[in-house]
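Chain IDs A, B, C, D and E follow the sequence of writing; residue 1 opens each chain.
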């Protein structure tokens, strides 16, 4: 199989599909991209998947692979960044400023705070960290509805099921059913990073070119268009 | 009580187009295999909806396709004994028997569990599942189940076909008693002439989906042409008689008839009671002079009124015995040897033991039967 | 064994909740399951194909989609959800009842199919015999059909139960993953699998789930065998 | 060819413990409902594995529990006609019939499709599914299916019970021909004495799971005590005779026997061929002087050698007619009137038409039968 | 309609692949499905409970767990995967064959249960009759049992097919979501749900999936009815 195969976190699909197209000429072929949860992809690489490049939605799963020597360490790059925001249904009147000990519990009321699974889903982990840092986690812990992924959490908010939610800015901006109430301060949670690396078993000759193109200005523009922050130095 | 059936119906290639009316206590549906007996009885029970026609029982219209009327089967209170027993496989024999009782108003229950169980000899089977019964046992339970629902009309589709003679003989009297004592009308499918003669007040003869003849049993049984060839030996005259007296010493009953006194094995019927007697043509001999030194006890003088060729080497001879007709089947050779002709005075000779199932129960037609 | 049962309170709650959800889903599905199986097996009506398709939908759709559709219709703002909440006080959203609904829906096609197959195997002549004894169709159903299809009912019930023990996608999408309320065993297992190094925890819960389901399975087999023996045919 | 059965087996409360050996061409298993006939035949077919014992057919050991031997049913080449037809519901009648042929080596096929179809009258049913047949039709197809497998031993479990007389009469000769021409041994379950007498060379009488008697049909049929009460009318003597000549003019055949000449309806059997004749006791009269002017053609002189009380008002009288025994059943009253005692010289009188199923097929036992 | 069918090449591939995967999963499951249903319905042996439990496992486990177990055993580095690849050249990992395996495994309990119920409803006396006519057990099975359980086979097959059309968790966990190789319709639908603005695409693919499955369902019903009519009982 001489295809260039990329395993990427599902939340990157829109941006990465565009980048893939833009890079086709530079790389010499369009990469075949398999989108799934970072955890599943990491375990598949561990299981011998024919992936050349892995783009994870958090640092943990990349570390999981590098600890097992399944990626080429020198190729690992922190590619993108993101922000988490507090959202409410579009017709909500909720307003607040996100700061230490802000009154999130009152805002939630009898409803729920939707977010990604605080142990499993990266966005959930960041959200929990932020709420702890801001000192409100203990007051809202019992009101949290943990979703399978951040998109599901967004759905819970956009359907009005949950009064509030914490999701990535990238998702919130593109979803017409919700409005952003505020952005969590960058220092309230560990940096949100999408790392990329070539796998240890990868022999595809086009992989370096693809990695290079991912970090190009052209790609950076496309990522920014989807509200990612671009972390690579070339920008 | 009358059963009126006038229907036409099509099943694949088979077409049934039957019309009959019977006011009898027990109407036999008689006909060869595939003639439509089961189909017809299924229509009366409400299991098949006829394409067209009308069915009435006991003055109650059950089906009238013109009026769009069709009484569902569970509202007909018509008991049915199926050709295949159709017991409930998940219930014990006892539960099978009790099933219909739930749906019968207490006042209308005329069948008692213990009586039915005793009669059918199914006491030892009560706790068993149907799967563990022999073929005959299943059918006995099926009969019991139908009886215990205390139906207003009882349909029986060859209920005795898989029973042995001893069981048949035990059950027949109960069917007779049912017929005579409860006044429950019965429609009885059979292709056994002896059963029909014994049980039926009326017969409907079916052939290829059509009614070939219908009428009182006596009349039908004398029309040998209606009977299937193989069954003609069973045909014969039916005489209406009355009990004259019982001869306890010899275990016999003397019946009085227009033709003269006839001795049959002892009956339980009281003196004076009417008894219907079938004399099978094949059991009757003709003598031109009064026989002597012969073991046959019944010797009826009469005049030959008809001679018709019978099957094979036989002829059927009708002897008018003082107004009652007795049929005899003898060989053509005997006819010629004895020079029998119309108008000749002869004796009809019948053995008493020919009536060998006569000693059964009260008020019955009694017959010469094998 | 100690290792297996050394669970956190939340995990214990997940075990208890899963059993409750699976049991309720199974029991609540039975009446509509029987009814629809009956209609599909015996009915002759326009729209039967549609009904049949509808019943199979949860099988055909990715569970997440089913969960989303449940959310849209039985959620707080969904038409069915709003109606039920207003008129009967039945709320599904973020409740264990919602998890039971999701599990019941996901197991429904399995249950209906098993029951339907059993109904189709019933000898209708035996039902007809019961009719001639005076039993109306409802009685016939209760005393003849229902006992005769018991093996199918048991099979359908156990399929529904087992499915409920494993159902994850529709449940978490519909009612999320709230410890002690909607976090069933599969949700808890899922969480473990998403964490590097969570495999041991996932394995432990998986084993517990298997033990519970196996117990139910064995019970169902024993029951079915007992029922079957009663009607032994040979 | 011999069938040897020596088994014991328990089914719930029912215990069967049967041992018999029959070298007959057609062995009848005779007994009342629930006596274990079906169970026994199922063991021979290989459908039930007996708890203990041995079964042998045609010199081949089929079951020997001591040796741990059990030949599976499909290797026995034993055809079976079941009490319930058990047709394959998903196949047409034609496919049902053809089923067994696949498994029969061509050279061993002795049954031809067209012959069987004609004989059983199932031509019009060939394309139909079993569900659309009447009860009797099903059973006929089941018989055809077993025959067309050309088995080496044929087991039949009351195959005629649900057939009407006309069909019975049509099928019986074929079973007889099968028995006589192909030398296929047959074990035939029945509770009809007339079938047994007509068909069986040997009889095994079963009662409550035990063999009550076994032996040649003639011997068993004379032991009226073995027969169920209700069937005793069917019992009687069985004479071995040979065809003397045919009397085409009168449609009769004259049979020669030790007892004298006997006239029966015309047989197809060639002159000189042996014929077995049953004379039912109830069809025989006793005369103390040679009757004259009587339509009965068969008058056999003899000496009374036994008198035994019969059922009800009857006595059974054995008349030795030149070495052949003829049984007569008459009333006690007649016996007294005629002063019959042991050693008295009398005449046994039998009507020719008593033998009313005699004109059937070649090489058959012929009987007086109803 | 245009809107519905206006798919990208990758989406078309997903449609084609899903049909292929579902069909292969269904057909390949049938022989072992029949065998195991037979053994479970008729067999009397030690370990039957175990086998029964094993068959139900994919139902009981969260699909992700099943997928993970498949990855561990049938993956390139798994024992079964390595063995099959080496000796038979059969490779499942990250191939469409792997998707078919995952779908077949997930649908297996459903298929086995349907077939088993049908087998249990067969009147064994009719099989015995075929035996007396000289048919050995294999022939009896082929000419009597198999035709009699056809409705159950059809039901089992369609359940397996429908399940395969909706199976997602085990597939994506086992063979990932590689366009044109392992991206079935549910995976493609999932991908759409993971990005902003993907709902329309997800809906479109969902509808296509429903249409395909409904067609299969209707075909199966027609087939079953035809088969059933042949054996009509009343």
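Throughout what follows, a contact is a pair of C-beta atoms (placed from the backbone, for glycine too) under 8 Å apart; a residue touches a chain by one contact, two chains touch by 3 or more.
All of these numbers come straight from a predicted model, not from anything done at the bench.
Any chain touching chain A that also touches chain E appears here: C. Steps from chain A to chain B, taking the shortest chain of touch contacts, total 2. Summarising the inter-chain layout, the chain whose CA centre lies farthest from the centre of chain E is B. Mean C-alpha position of chain C lies 60 Å from that of chain D.
Rounded to a whole number, the gap between the C-alpha centres of chain C and chain E is 20 angstrom. Our note on geometry: chain B versus chain D, Cα centroid distance of 26 Å, whole angstroms.
Multi-chain contact residues of chain E, defined as those touching 2 or more other chains: 64, 68, 125, 128, 190, 193, 233-234.
Listed for chain B are residues 84, 132, each touching two or more other chains.
Of all residues in chain A, none touches 2 or more other chains.
Contact between chains, as defined at the top, is found for A-C, A-E, B-C, B-D, C-E, D-E.
Those residues of chain E that touch chain A in the complex are listed here as 64, 67-68, 71-72, 75-78, 93-94, 172-173, 176-183, 187, 190-191, 193-198.
The part of chain E that touches chain C in the complex is made up of residues 49, 52-53, 56-65, 68, 109-110, 113-114, 116-118, 120-121, 123-125, 128, 151-152, 155, 159, 162-163, 165-169, 186, 189-190, 193, 202, 206, 209-210, 213-214, 217-218, 221, 228, 233-234. Residues 45-47, 72-80, 82, 84, 86-91, 99-100, 102-104, 129, 131-132, 145-146, 149 of chain D are the ones touching chain E in the complex. Contact residues of chain C toward chain B in the complex are 125-126, 128-137, 139-140, 143-144, 147-148, 230-234. Residues 11-13, 31-34, 38, 83-84, 124, 128, 132, 134-137, 140, 158, 161-169, 191-194, 228-231, 233-234, 247, 250-252, 263, 265-266, 280, 282, 285-289, 291-297, 312-314, 328-336, 338, 349, 351-354, 356-357, 359, 369-370 of chain B are the ones touching chain D in the complex.
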